[in-house]
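Got a structure for you, written out below as structure tokens; questions coming shortly.
All chains are identified by letter, namely A, B, C and D, in their written order; residue positions are counted from 1 within each chain.
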């Protein structure tokens, strides 16, 4: 029961005034037990340990580039500059239980294939020639393309560019912190080190990329059988929707990447969105349970998160903790701003814990 | 219990030998009852009343064109040449409980808006300028485009072409015979006769046509919120799949039109497919419960249905009754053949009654 | 389009006035086609062919008893007095696409094991010693017990009573007419003629009969893994609910037999209900799509179905066609009346076709 | 990537050997970022922070009884002796993210009504007269009865016994630690302090306690509409199952309390089980993801958890962390042992993270 209760009741006060209690509490502790009335009670509303953060790409990029000098190609899965929320550094998360970091690959590099129970996504920031092979499907990706790496599928990454080409930098996005704390993570390296790929690159797009039709007989899968979402189609879809919709007052033209076999989120634990803020558009504030990591895919603007203003530009990363008020604005009056984001909404929804409210109806969360 | 049982047991024989039985049966009949052992028992395997049929477009087209002289524009919902399976003419169905017919519209015509509990689809055969307005979304469609009209949504059709333009002919596809026999059909005319349309034509395509993303927050709907499937994208999807798949031995490159909000069939009672038979391709025979109406969208070839050979060309219609063996062939060695089809597989699946088997494993249906 | 349309438009009139039309229609018929505007159009609301019926047990019982003289024990699956709705005698259904009949077994008789794609239920009317073996589980049943026989499970019936004991009569309930007309019925006899039973009789009750708990790890099944519902528990449940609920204004204390693995209907195509009309209780009228067969499990009273009054007593059977208004009354002021019923509501719900309305809100069905 | 990778690759070594790295890492830290290759990587298999624990009731009971002297009746929601896993004391959890504690009520006491987003269960250990009112349904419970308190339903507890009666002690079970760490917990006090109850006590049992039937028209609910599970029926169900099943090699006769509206777990985030170990029965070892808290409902025996042996007797509490090997034995050769348990399996299943394996097949978790 939260703090206000104890203030009303004086329960804590009563306890601390009794010298007799000291011995009681000490003996309890020896039994690996404690008196609930002495512990700060749970909150009236969510009080996550995470704080709002803004990471500027111009500051992070040099470190990402330099990381190759510390970790060799085979281990490039570790060659990541992780973004760490100072509210809970021990968790290794950018916000809530979401991990994110910048991963860098030089031309010609390739890492050992592996798999894990945690789910992952990758959003390409810069560089040509990057590829990911997932369950035998080799995907070639460029800037602003999204790659989905479902739980337990073998995968490996690399760059097919020339050795002296500009490096690839992408944003790694996983829910390792959640799966770790639930005691449910597994990690394996592929003994053969490299998967054998299907003959046609980007097969996933040919099978599942047309949206209106599916290969007959395909069953619903909890993760998206479409493993790659090209930027070109994403941006086209945003503008198509903008022709016929005013969008959300809180998020502008807001679209969710979908698992075509279910119409639901691309992963059972995380979803990904892309939103278009039209030139000069500013949204209203709202809040919801669930954590979000944003990546500025295009443009410049600002967001206000729990009272902190973040002036962002392309490739910057910022986060919104659970239940924090937030609003966004495109500060360019003549060009689009696009925000890519990933979140744990599907986790919250699965557990019946997702709630949201607009700033206007501040009275209640139900 | 089927015929073989009665032959083994002589139950019918026993009954008919007993003169005393005659009075028994006569009295039973007066009570609206009958002796089950005197009735031909149910079949060992499906014996639908439908027979395989082939309707040639060249024969039907003149009647479709002439139909305008019988029915005026407002009533064009009735201006249809219905295809009637001679196995059960009283049912008004082309095969099983599926209705189909050819509907014709002259330039500038428009019919009264209506709605019904039965579900419908329309596949355009020829002519420019056709439009359908469904739940306020005006759709403009051309040859080989598919329009889905879900149960209970208001809809109306017309042609926006000049009055002297070539008429539009499309194929109407509904499950009226099923909904009628279940005693569950409702029909209403819109009092205002015409719906008000949303300002942008083909809004459904802008909202739901990109497949990889959806407008955020859209819930799963049992019918497809995407109401129109353009031929160009359909044909492109077939060829994309053909790059990475050998296809089905029974159906070639076989794709299902999907409800993007669920990944399932476009309607809860009927699904639609398009299949590509590559130049010279001939498929193996199989059979399944559920009825299918085919429309030759492109090319020429033949199908063998329950031992009857149908040599078809573009725009022909043929049907496969439930549990009938069937196989298809593209008889053109240098061009594609494409078969559009609609069926009641979702109905059978919902009721747990769908089974299929290849010709090779003729022994059993489970 | 229904009759009122054609009256408004004169479409039929126009057609019939044109002598030229005669040749048109004749030629169309040769192509297995017809002009839709010449056919009586579909109804504005459901107009099923079924008529309300009431079968009195005192009239049917002598025929059920005599049936043993026509059909020997092995073929007792055929030894049924079928109730035939005179609205569509060719369908072999009591109402809609539901089959029902009275089946009789003498002591010591047993029939050959079989299975079919249609689903079935049995409700015992009189006699001791009846047993049914379903998928190896031998069930021993008495009056008013319900047995569920899911699609495709092997089953056989018999009586374990002494040869000179009073015979068993139960009511057979299946959806054979639906599965037949969909072209999806299969029928097989077990080559070994008899199943081997599990050692403990009524195992299904021990595993699944306690409702509050389930054997761990059991998955949801579309049909009820609980295969038998004893009357004693059913009647107890009705009275328990009556302690805390006023019940339905249309049906009194109305409970559905449930599939404990899903909380849904006992079969994917049919559901079963038991309702308690308290002494003197009379319900309000309502109507719905879907057909219902009632069996008077206890008491006496009357129902009004589409304007026809049926005065029923114990063991009588009556039916309500789709969309027919109906209301019930317990005419005994001092004792309960209980109506068992089975219906095709799950079929209608699966297809999105179930609608209902109270008499008061007669204006619309949606 | 786990430790073995870094050992193979020397990534960490490489980093630490480079003096230049020190400055790199220091600067990164200023940006709220860190080098992933310097952090101990995620585990090859789950390594939860929780340790196996055994709390003896004889040791805890005196503290529970004394707790009334610290906290007054209104605040009795805080009058709990919490069991704290020493592996992560800051989490306030008994194991994983599951909270449990002993709550005590004297006769005549009642606490303020409240609700929260976390889910809860209560299992009564001793004392008569306890009641819980949930969403207006007053439940009266005795020893070994289970009460389910779904997320967001108003509830309050009390004891209806005389003031000088023996106190009630029950075990509180919640997932507060999970909902807190997800930033999704809400807590409210009912302004009126007490709910108005429905006239009949234990209404939930009358409506939903019969298992075989449900009040017609009730929809599936993610939490159990049956809010109370009496011990008498639970124990009867265990013995019924034991008549027809050998049970699980790992858990004996193992049953799950079910949500009768879905056949699934009683809560979307937690499930509850009761298992019967027959006289002298000893189970095989297995492990699974997900955490479990056990309460010895009856009997005496021992369990081995991750190599630690716990000799338990009635009312003791012990826990099994995720992925820990465990096995159980009833050490009494002539009487039953029964273990009640609650767990987070539904959470793991919702997120696709539940896996299990027997000791024999130690090779892999998939």
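We adopt the following convention: a contact is a pair of C-beta atoms (placed from the backbone, for glycine too) under 8 Å apart; a residue touches a chain by one contact, two chains touch by 3 or more.
If you want to know which protein each chain is, UniProt gives these names: A, B, C, D = Cupin domain-containing protein.
Bear in mind that the values here come from a model prediction, so they are computed numbers and not experimental data.
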{"item": "Partner chains that chain B and chain C have in common", "value": "none"}
{"item": "Centroid distance [mean C-alpha coordinates] between chain C and chain A, Å", "value": "52"}
{"item": "Chain centre separation (chain A, chain D; CA means) in Å", "value": "29"}
{"item": "Whole-Å gap separating chain A and chain B, where each centre is the average of the chain's CA atoms", "value": "44"}
{"item": "Residue numbers of chain A (touch at least two other chains)", "value": "none"}
{"item": "Chain-level touch network, classified as line, ring, star, complete or other", "value": "ring"}
{"item": "Chain-to-chain touches, reported pairwise for every pair that qualifies", "value": "A-B, A-D, B-C, C-D"}
{"item": "Chain C to chain D touching residues, read off their complex", "value": "198, 200, 203, 205-207, 209-217, 220, 226, 229, 233-234, 236-238, 240-241, 243-245, 248, 251, 254-264, 273-274"}
{"item": "Residue ranges of chain C in contact with chain B within the complex", "value": "1-2, 5-6, 9, 11, 14-15, 18, 21, 24, 27-28, 31-37, 39, 41-48, 50, 53, 55, 59-60, 63, 66-67, 70-72, 74-75, 77-86, 92, 96-97, 101, 114, 116-118, 151-152, 176, 178-189, 222, 268-269, 289-291, 321-323, 344, 347-348, 350-355, 365-366"}
